[in-house]
Amino acid sequence: MAQLTYRDAVARGLAQELRRDERVVLIGEDVAAAGGVFKTTAGLLDEFGPRRIRDTPISEQAILGAAMGAAMTGLRPVAEIMFSDFFGVGWDLLANQIAKTRYMAGGQLSLPLVVRAANGGGLRFGAQHSQDVANWVMAVPGLKVVVPSTPRDVIGLLAAAVRDPDPVIFLEAKGLYPVRGEVPDGEITDTLGSAVVRRAGQDCVIVALGLMVPRALAAAERLARDNGIDAEVLDLRSLVPLDVRAVLDALERTGRLFTVEENPRLCGWGAEVVSICAEEGFTSLDGPLVRITTPHVPLPAADSLEDAALPSVDRIADTIAKSMD
Amino acid sequence: MDVELYRQMVRMRAMEKRAYDLFLRGLVKGTSHLSTGQEAVAAGFAAVMRPDDYTFATYRGHAHTLARGAPMAAILAELMGRGNGLMSGKGGSMHLTSTEHGMMGSYAIVGAHLPIAAGAAWSAQLRGTEQVAVCFFGDGTANIGAFHEALNLAAVWQLPVVYVCENNQYMEYTPIADVTAVERPAADRAAAYGLERIVVDGNDVEAVYETALTAFSKARTGGGPSLIEADTYRHGGHSRADPGTYRPQQEVEDWLARDPLPAYRAKLLAAGIDEETLAGIEDAAARETDEATKAAEDGPVPELALIERDLWADGGAAWRN
Amino acid sequence: MAQLTYRDAVARGLAQELRRDERVVLIGEDVAAAGGVFKTTAGLLDEFGPRRIRDTPISEQAILGAAMGAAMTGLRPVAEIMFSDFFGVGWDLLANQIAKTRYMAGGQLSLPLVVRAANGGGLRFGAQHSQDVANWVMAVPGLKVVVPSTPRDVIGLLAAAVRDPDPVIFLEAKGLYPVRGEVPDGEITDTLGSAVVRRAGQDCVIVALGLMVPRALAAAERLARDNGIDAEVLDLRSLVPLDVRAVLDALERTGRLFTVEENPRLCGWGAEVVSICAEEGFTSLDGPLVRITTPHVPLPAADSLEDAALPSVDRIADTIAKSMD
Amino acid sequence: MDVELYRQMVRMRAMEKRAYDLFLRGLVKGTSHLSTGQEAVAAGFAAVMRPDDYTFATYRGHAHTLARGAPMAAILAELMGRGNGLMSGKGGSMHLTSTEHGMMGSYAIVGAHLPIAAGAAWSAQLRGTEQVAVCFFGDGTANIGAFHEALNLAAVWQLPVVYVCENNQYMEYTPIADVTAVERPAADRAAAYGLERIVVDGNDVEAVYETALTAFSKARTGGGPSLIEADTYRHGGHSRADPGTYRPQQEVEDWLARDPLPAYRAKLLAAGIDEETLAGIEDAAARETDEATKAAEDGPVPELALIERDLWADGGAAWRN
């Protein structure tokens, strides 16, 4: 057991997979010599050399295209897109090519690749470097989507993503990079599509993801203390595949479900989760299904504004307390 | 070799004409983009490729797919949305793929496959296999961002990839000169990637073949990428819906006079190949096309279960438990 | 009154606005000399000349960027992206630049522009030319989103979009291009954000959009005939702004709500609508909220497969009948 | 004019140094990208612009914004997330915008603003106003797709836009030569758009000024776009978090020796401008910076209501009724 930051867990997870499988390679802007702008790839060039760890030009289409072409011909590339906002410049490659090609080809080829990116807010980077785009990728058939919330999950889910035979979008909550957590020694693996109950509870369930998980947990503590509400916190960990069973199970046990989404409101993953509950969990509902999200605006840059825009512990707890009143 | 080039061109022509007939008969339901008139490019390049080389094509990829060895029946069946289509009807005419023949896909969004081809070449380079990737695209594609990114990456990483611009003078309906800052959309930009300027007569199958040979040897021996512009012309419209009437009559006639098939036929005859051999090739292609058509027409409607199949490598499409 | 196709209505709507306002200009691939690959801009070059109707290179980033730069400096550009699937290649311009710039600039500039595109399936064009991306754009704060379902609405909503001071994504249901409908003579205008009841009903409401509207209407007739279910059909017409009042009102009156979405399942607009209903309309719910969507796959090309993948009249009616049983 | 150029550079330098201090004091909370060392480019170009010309910059846009006339206090306040910031704190350091000064925005996704600048130029062309748009970007930006699309469009439409590549030799941490197929990422590609190859010493403010003058007159009189590559160097790291240690010591020293400010100061002195004038400029800039800092520091926290303001032209952010 060691204490590791979420940031260092990325490098450790990558190293674990690079050691295990010669076919794993890493490309991206400033990932090699510089060790990544978030230092999430520090040390990899030294250990694995320039054949496997490569700096690219500022060419996101080329990065994603290269990963795709390499994946269909025998490699297992990991491509870093520095900020997930930049998915915009490579969106055709992600949403139309990587996502659809296996299906269109009737399964003739596989695309075992991972696209990693720093995702979401909290660093006062402004609207073009802070957006949570988890729902952008979730909306695209053919992409798997993973968002770890702890250092241990970073390693385990990254391993699962690299070993997965399909394209996986691996979103690193950049607000969590400095956060430390317990990480066991030795190889860590995990499975995609399994949610984890971070806190058991009986009165309601808060479904959260990535940066929102620690906030949901803190809100649950506050609800227990101040309102006598015993909230369960379910960390989805992956959006595709989605652990619908865990969601419906928690709803059935508690009767009330809340989602906490970092993304702007419209068409967020929480809407999908809620729509599943409103159909399949209808008979379990003891009250409204409520979504707590960033307002439907780009993220403002000023610290005070950003803090107020993202779901905060207080907003989560207050919304739930009011709704359960 | 020569006769082989002719045979391929004849097969392509026969298949594309048949595809057009099938469209007129209402059997090709979606769109389709024929390369009638551009056969020399597909034939010349395919002839220099190793079986394990990679081809990346556009929606105008029927001939390239055939040239790599995919069965004509499966191609026509795919155009007709049949279960015996190359991709069981799931892809359609714009996405012909046959990985067992090195045909790594036909891509329908302009420019996308240029970086993908770079990726396949990068993989070959890394795996040390001496495979080469070839990527065909149109003149109009030289104006999209992905072209620029792919060429730069290929040059910087010295990838074994050959980029072939089939300049058929038009994007869909707009003459390429109206929207391009240089005369030759690809060749005039080679220098921007430190590459040699290469232009070839894309209707002269032997010239194409020679050019391809040079580029492939260079790529295979670690010499890096090439960018080749092949001048050619599509005899028909952009896609099945287009009669191509925006093109000046004289221009069309001039290019029809340069049709690569009769030109090469005449050359072969002049070189002493006898008429029977050529007629035999033509007859065989006609028979192949008839048989392929029948097999395609007899093909079943795809099973509906295919809709939720093969999104993932496990064969399914589940997004939830 | 005249009978006009949806296709011709686009050209008429554009002409109406081009005549009205000198600042309106149109750019796109093959829009000028060729009159558009769907012939939706036929005749405009002749009437308005090459200064205002311009062919572009195949450069979606340049098209969208040009529209944006022109909009912030006094023009009212309409940019055509030939197929909405190609939003992928210009997604950064749409989702990060056009959508966010006014907000980031604290309102210093406006972006009165329209991006038109042929959207959705039904033409056997395969996965890269058939996708309904209404939810892609709906998910982006800063974009308005309109999807007309009738020739009359094409003209009226296009006028509203062109006159709107904000960026509007105008999605033309390409499966409806050949469909005819009544169109009044003279100028037609309309308002964004107002849903229309296409069929009144008491037992449930079917919320639909674009290509799905005629199918929802046919399904409602079938339900009335075969199942004695009197279904209301609400045509949303615009996703942003969203006529939430109309949705909640219909839910309140009927107690049951179904969405019919052309988009693949995950994070579709129907999820958003359902999540609103599950919170704000909770007390009105007489049964589960049910979404009818394309399965979460790219659209297959073969006619038989495409027909089976998209929500059909029968699937809509059967799903509703079963759920209301 | 000469002294004016110097004054602008001095103001930029003072402001950027202050921004750095404020970051060290924890008052600049997000990121920021300084252009210390690159002032001659911003000053030289701003000097030839008409008030109604358009500037488009990157996240490294503080100096360009100041040069167009935006108040220093509002710039610093924006960096500090204050309500009196140029955009009330909503944009932050990477998005400085002041439309009343012709500063049409700073764009933080590499390449995006090149087509946008083309659009502003197209609008000027259509409206017949003889306005010119200038678009600044980095060496690394010349490898992204949007660069290619924008340059081609600008050339085909003969737009009044001047593209200026500030080649500071690095993208973030990676030397530009490592990832670029040609030696000069912008200039060596001018021919790909039918444009003249123009390179200027970006640390020589008068050379920049002359180059800018030529390009602007050409654009204003209907001569179309220019692509200019200005050689320069940033004294510090890429952004506030970066000490810039990946750069060879000798390289840094060589460039520091070519610092545009002392160089131009010496030149002005040699040309007979007296020391007092220059010292006066420096003092004034220092005072301006102090006052601006104070005003910024005294600025209020932005009202929280701003979060849901100004998404739409009606001033609000409602997506529903």
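Letters A, B, C and D mark the chains in the order given here, with residues in each chain numbered from 1 onward.
By our rule, contacts are C-beta pairs under 8 Å (C-beta built on N, C-alpha and C of every residue); 3 or more make two chains touch, one makes a residue touch a chain.
These numbers come from a predicted model, not from an experiment.
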**Study point:** Farthest chain relative to subunit D (centres taken as mean CA coordinates)
**Key:** B
Revision key, fill the gap. Rounded to the nearest Å, the gap separating the Cα centres of subunit A and subunit B is 39
Practice item. Mind checking the centre-to-centre distance between subunit B and subunit D? Centres are C-alpha means, answer in whole Å. Key: 45
Study note, to complete from the structure: CA centroids of subunit A and subunit C: separation to the nearest Å works out as 30
Revision key, fill the gap. Going by residue number, subunit C touches two or more other chains at 56-57, 59-61, 85-86, 88-89, 92-93, 96, 103-104, 126-128, 141-142, 240, 265-266, 296-298, 300-301
**Study point:** Sequence positions of subunit B contacting 2 or more other chains
**Key:** 88, 90-92, 95, 107, 109, 111-112, 143-146, 149, 152, 156, 178-180, 306, 311, 317, 319
Practice item. Counting only chain pairs that touch, give me the topology of the graph as line, ring, star, complete or other. Key: complete
Point to revise | List of subunit C residues in touch with subunit B within their complex | key: 29-30, 33-34, 37, 55-61, 85-86, 88-89, 123-129, 265-266, 295-298, 300-305, 308-309
**Study point:** Touching residues on subunit B, where the partner in the complex is subunit C
**Key:** 29-31, 81-82, 85, 88-95, 107-112, 140-141, 143-146, 171-174, 178-180, 246, 301-302, 304, 306-308, 311, 317, 319
**Study point:** In the complex with subunit B, residue positions of subunit D that touch it
**Key:** 143-149, 151-152, 155-156, 178-182, 188-189, 191-195
Revision key, fill the gap. In the complex, subunit A touches subunit B at residues 25, 51, 54, 56-57, 59-75, 77, 92-93, 96-97, 101-110, 112, 141-142, 165-166, 193, 240-245, 276
Point to revise | Interfacial residue positions of subunit A with respect to subunit C in the complex | key: 85-89, 91-96, 99-100, 103-104, 126-128, 135-136, 138-142, 240, 263-272, 274-275, 277-280, 282, 285, 287-291, 296-298, 300-301
